[in-house]
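Next come two complexes built around chain A: one with chain B, the other with chain C.
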Partner chain A sequence: MTDVRKPSRLFPSSVSRRGALKGLGAAAALGAAPGFVRYAQAQSSAPVRIGFQAHRTGIGAAYGRWYERTTAAAVKAINDAGGINGRPVEIVTEDDGTDPARGAEVVEKFASQHRVDLVYGTLFSHVVTGSAPAAGELKIPYYVVSEGYHVASGKLNRWVIQPGITDVRAQCRSVAPWIAQNVGKKITMIFPDYAFGHDHRDFFGPAAEEQGAQVIARIAIPPTETSFTRYFPQIPSDTDVIYHVMVGPAVLTFVKELGEFYGGRGPKLFGFIDSLEAVDINSPGLEFLEGSHFWEGMPRYLQPDASEAERAYRAAVGLDDNGAAVNDPRDVSTNAHMFGCWETLHIIKRSMEAAGYRGIEDRQKLIEATEAMTDMEEGIEHPQGPKRFDGRIHQVFGTQNISVVENGRLNVVHKTSIEDGLYEPEADYTAQAF
Partner chain B sequence: MSGGVSARVWALHLAVIAALLAAGFLLPEYHRGVFARILVLAVFAMGYNLLIGYAGLLSLGHAMFFAAGLYGAGLPVYHLGWGVLPAFAAGIAAGGALALVIGALALRTVGVAFMIVTMMFSQVVYLTTLYFTTWTRGEEGLVLSPAMRRIDLGGAALSLSDPVARYMIALFLFSVVLLLSLRLVRSPFGRTLVGIRENEERMRMLGYDTFRAKLAAVVVSGLACGAAGAAWGLMFGYVGSGFASIQYSILPLLWVLVGGAATTLGPLLGTAFMFYVVDYASGLTSAYLLLVGAALILTVLFFPRGVLGTMRERWLKWLP
Partner chain C sequence: MTKNAVRANRIRLPALALAAALVPAEALAHASDRGHVLLLPTGHYIAGGAAAVALSFLVLAFAPQPPLDRLARWRLPLGAPPPGLRLAGSALSFLFLAFLVAAGFLGSRDPLTNPLPLMVWAVFWVGLTLAQSFLGDIWRFLDPWYAPWRLLSGGRAAPHALPARFGYLPAIVQFFAFAWFELVHPAPDDPAVLATAVCVYFAVNLAAMLVFGHEDWARRGECLSAFLRMMARLAVIEGRDAPDGRRRLSLCLPGAKLVGAPPLPPSGALFLLLALSSVSFDGLMRTFFWLGLIGVNPLEFPGRSAVVASSTVGLAAAFALLGLAFFAAGALGERLAGRTGATLAAAGALVWSIVPIATAYHVAHYLPSLAVDVQYALAALADPFRRSVELFGSPHLHVHAGALMGADRVWLIWNLQAAAIVGGHLLAVLVAHVVAFRLHGSAAGAARSQLPLAVLMVGYTVLGLWLLSAPTAG
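Showing the complex of A and B:
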């Protein structure tokens, strides 16, 4: 869109020869001063174009649908408030099929064909990991909303950045003290036997043990498993808490079979809402979850003490008090994650303003501006809560919510602090060349 | 000409390679990047075509050979710090070795049983990549940084993350495999495979060791698919278990059937066609798979033997 220019109106309709010569001279001077020309273009109202790598199809489609809605709401809010540096924001969406190979192709398409200013919005960690090399090679900023540890691990590159949502390592660290102090100290972990589950195994276990708790069993469920009852006898009888992070379509079967196995008399449960994002907590078979606790990035149900900013965010996105779409109560949101889209877009706005961003030649400045960010206050740009960004690992830290299922609702019982989730960085992207 | 390949056929293949070489300079940036991917995936499809097209063996598990190459090259680079060239060789060897073992076992079956057995073995390979998540990072995968993807040429370094170099390397790999496959299918070995495809009993009666010939075909196919997988990982810097999933066993089947089974250039045509149909249709609607399905049905209606296969049947009898 930046290439679209209106026909020149340099001369008025009746122009004298002297006036014309003056005008030509001025035009020649403009041509000889490329810096000024760039400045002049930057002052245009051409939109800032953001490539949105969306999971419209594939396993991430439910998340993708709500990521799109949140993105549209955030862009409307930003544009209504005057855009970025006076320029409107335009979203160009491409479906990545929740597939890493297609993800990389989509990044190339954004950079080379759509010529967007940056790429944004990816959730699933394998798509981020698969797309990161393309973003690095094409030197295009890649703002992800993925919650994986892959960014903070230092294994990606300087163009990949996650400023709007916390990562799984921080989430595990944040909830561990509360679990150890309030639910129980003998913990059995049940997790899917692939990278997402391994992250929980590797980060939660040590964090819990720091709090005097003990992980007494780690039960890895193979990813193709559709029935789980045969794994439950492996749960030690002295278990206080079952920490579960099953995801995917089998999660309903998992919870139902766990309920049938214990018949309501088993250990307490702590889970990550990832398992039940976009799923109604009152779905048949989930009755057994009553009284169990969940991690939530942002509460699904409107809490009585919700801030004005949070209420405004929910209204803008179109959420009812139960966290479903206002026009369809069966369309349950992914609110524990999708706020990250809203916050990331506002960080992009702040970064572009700080960098004096004019066009794709300023992409490096944009990354540097985000890297320079530190504390962010709770407010309409950060409705989930305050944040602290660590530019070295391109990762933001924030508060987490622990909720209990009561009468078919998730009620927040504890909010962790930013400090609860902090850990020693393992990398420093700012030392990497662009 | 050698191996029963006529001058006209050589000229056609060399012209295709020359056109692709020119395309490397003429194509816009995005399409050059796309074609680099298509050329590597076409190598995968050519390896698959050797089996389904010429030997008549329908495998539903070729993702395992692609994944063998991908991990065979990617893991030594990532964990052991190997250079690109030995890693590439390791990827090809992994594809060939896996094909030898799988072929020796799966070729005891025929027809539908062969399809199911290959699919099951491929699923085993897929689950293995997840099982060893500690080293493979499973479905999330590993990123091979640009520093890991440099070929040291006596002082000068060739970076596989450079788009022009990448296109030329992809074209080189594609050309080598294309010309080798042309030579192979026109050789006595290729004729033997076609004979087996048409009537295995008769070939056996004529004294051919059909098991050995089919095993050789599986191994050659595995080598080509391993080369494609290794090249993919090293050139595009990502190694993940998604490439071992059933999807990547079905895709080469589609590419080959659309382009024309048992045609040397069909795999390239099918891969490019499918890529652009998806690329274009996904820009129109999120229900793009519906459009892809419609495109496939139309192709089957008008080109029942694939585009090049039908053209050969109707008009260009000399097409290899």
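Showing the complex of A and C:
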């Protein structure tokens, strides 16, 4: 494996180097310092430094572990293929504690202390929204992998961009036609009563109604609830399909109680795999999911028709056929989401190459190069499937998978088209000044 | 305040306002392993555990005392450790700590690849505390202050005596700061933050040892030594200084040393209760119950930064409540037994029965994560100064996080945790009973004096099991 340690490693740390440089005072003095000249000369082959804002601790840690593994695998793949513009990629990881306030501090550290080329990798929405103003103020590209609608909504800024994973609005829209045509037209939604659940309520409901389906009940469950049986009588008896997006530790209890309530004779179920990421689908309590359908960004289980690119991606990340770590079968991955890290890093590579990126003075060119991207073909850089990027809203669109639980496995039964998820943009970041 | 800090604050405030105003569109609070626990019949375990502890109290009230007393006094000599082991061990420990601090400042910024946070929070705080509780006073040979103190003081007597009226107050203040840093500070895992904290803590306590002497400050001032020495009283190896100056080791039964331990002053008792209450609060602060109390949506936990004030209050309140409950139980017990005037002394002897409970909480709350964190620690020690994740995917560094995952492992872990909590409380009841018998001289008096404390222990058993079974964030 290539060791890409940076040439300036002789300095004890970037911080102290910076501190020493600051002491010299003027820019002229900087130019005259022998160490600075050496580093400047080495810049053409110096690593591209990417600041990885990682959820290593806090409530995002289970996802953070797999985001880290996917990042490491993507960096290795990129470096093995010659790096970016001939320069190796180096990842600098900072933990944000899955904490928005720390997220902003981490972005500040990346920009000022580590002087990375860009910041990347954030998953949790509240950390993205907490960090985005710092990225905008410090004018550092901020590539997030969070699937939230916050980027596409236009409420962030031009330095924040989500080119490697689709957003929840597109995901909801994508699955609506298939549900209406194949599962049923009378839909009851059960969702946690806060922002996440409200997004599903607000995005899926209208999309389903466009398809001739009808949401006949919306059951909001308080976030602190851990027993659900008393809510089930609110489900209308003529419901064809229950659309459920429960999350948190009580989701197993929810599934078990729902199964016991209907005793196998109830409406069909459609859910999002988010809450069962990193959880074995064969866990006790989940037997009732047999025959139900799930959205998956990328299939957890290896499908018979998986592309060569997808197989290569899974091997590089270290996934077995069941979507768990190849050398640790209990460690189930977050495969529906983590491909976003792989694809984002490859988009960063493409953008840097298109921009002729040399150093942090080219950060604006980097954003502009990503904004200029449009269609991306399925392949090793995009193993999840083809993508279409909309530079105006800094958001990528792609295909989605609908899978059925059969014999304790998730088997893909339908792949949506990119067009299924498209919606009218509500913003245009390219009109904003940098 | 530095320029960077000013700028960070300027950025942070609008950032947080925006975070609050925007609609977060996805929440990945997944069905963590606590989800499997929620499906277990934990209510039965809680009832069973409480019944076992209550029943043990009843049985002891009628059990003959002399055999128990004899068991507590039983010793099997094991020989003596080599002279000089303490100095050599301390010197090595100091050098290792210096190396870890250097890694904290210069190594990876990632708390799971930098060895300092892993060694401090997993190997030291969890691993060493448990080794200390089960085996004996290993810390005596690993204390990183002893050798530097010997070097700097030249072995001369301390210039000042730590006033007796201070009692354990310095240790209480420092332990509260330590627990606050661990549980409330937004980034105790950050390698540079932790390295700074370790340096400050080490320097402050080395200076205090040079003023007040190593032995007294390690007993009543430096809170980690004070805590670890108390935990070692549960263990099965006893070390005593023989008249010839050599240290002699002997084997004893678990908890036997607690029975003969000199009574603690009220401040010493409070110190021990602070240690237990902080671990209890560590469990409580993650529960839906607590997050509901402070008005936080557990499915959208806003991060530690957002709950600093409430967590600080909670940590202090947990300490105050436990302290109040313990001393009230002690006073009531003395009244029931018809004794007056020696309440504080009795409480100081009986408080040693808290040690098995503190150990049980430590085992139940931290041992499972140790299985994974030790792997991270070994991987980090293999390359302490690396600064990229380049090697992370390579096979020799793959951390087997699956050890704790899946319904069957969760079942096993839950049963071990429940056994630890119930076992710890059973031992606590036993220790308290033998201590009370020695104080009162009769089984009846001992039983009467123990009644309130037994109720408290049953309650704490229920709390301990509930904390491990309640829904939690993350």
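Methods note: the second predicted complex is superposed on the first by the 391 of 434 C-alpha atoms of A that agree within 3 Å, B and C clash if a C-alpha of one lies under 4 Å from a C-alpha of the other, contacts with A are read in each partner's own complex, and residues count from 1 in each chain.
The definition used in the following text is that contacts are C-beta pairs under 8 Å (C-beta built on N, C-alpha and C of every residue); 3 or more make two chains touch, one makes a residue touch a chain.
Values in this document were obtained by computation on a predicted structure and should not be read as measured data.
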Touched partner set for A:S45, first chain B, second chain C, both or neither: neither
First, second, both or neither for A:L276, with chain B first and chain C second: second
Broader residue contact with chain A after superposition on the shared chain, chain B or chain C: C
First (chain B), second (chain C), both or neither touched by A:S237: neither
First (chain B), second (chain C), both or neither touched by A:R56: both
Touched partner set for A:D95, first chain B, second chain C, both or neither: both
Partner chain(s) touched by A:T224 [first = chain B, second = chain C, both, neither]: both
Touching both chain B and chain C, residues of chain A: 56-57, 94-95, 97, 99-102, 104-105, 108, 112-113, 125-126, 129-130, 132-134, 137, 148, 150, 155, 194-196, 198, 223-224
Contacting residues of chain A [partner chain C, same complex]: 1-5, 9, 12-13, 52, 54, 56-63, 65, 68-69, 71-73, 75-76, 79, 90-95, 97-102, 104-105, 108, 112-114, 123-127, 129-134, 137-138, 146-150, 153, 155, 167-169, 192, 194-196, 198-199, 223-224, 226, 247-253, 256, 274-280, 283-285, 317-318, 324-325, 327-332, 334, 337
Chain B residues within the chain A interface of the complex: 28-30, 33-34, 37, 127, 130-131, 133-134, 137-146, 161, 163, 236-238, 240, 242-243, 247, 278-279, 282-283, 286, 288-289
Chain C - residues contacting chain A, complex: 4, 7-8, 11-12, 14-16, 18-19, 22-32, 34-36, 38-39, 105-106, 108-113, 186-187, 189-190, 288, 291-292, 297-306, 386-395, 398, 400-403, 405-407, 409, 471-474
Residue ranges of chain A touching chain B (in the complex, touch as defined): 56-57, 94-95, 97, 99-102, 104-105, 108-109, 112-113, 125-126, 129-130, 132-134, 136-137, 148, 150, 155-157, 193-196, 198, 222-224
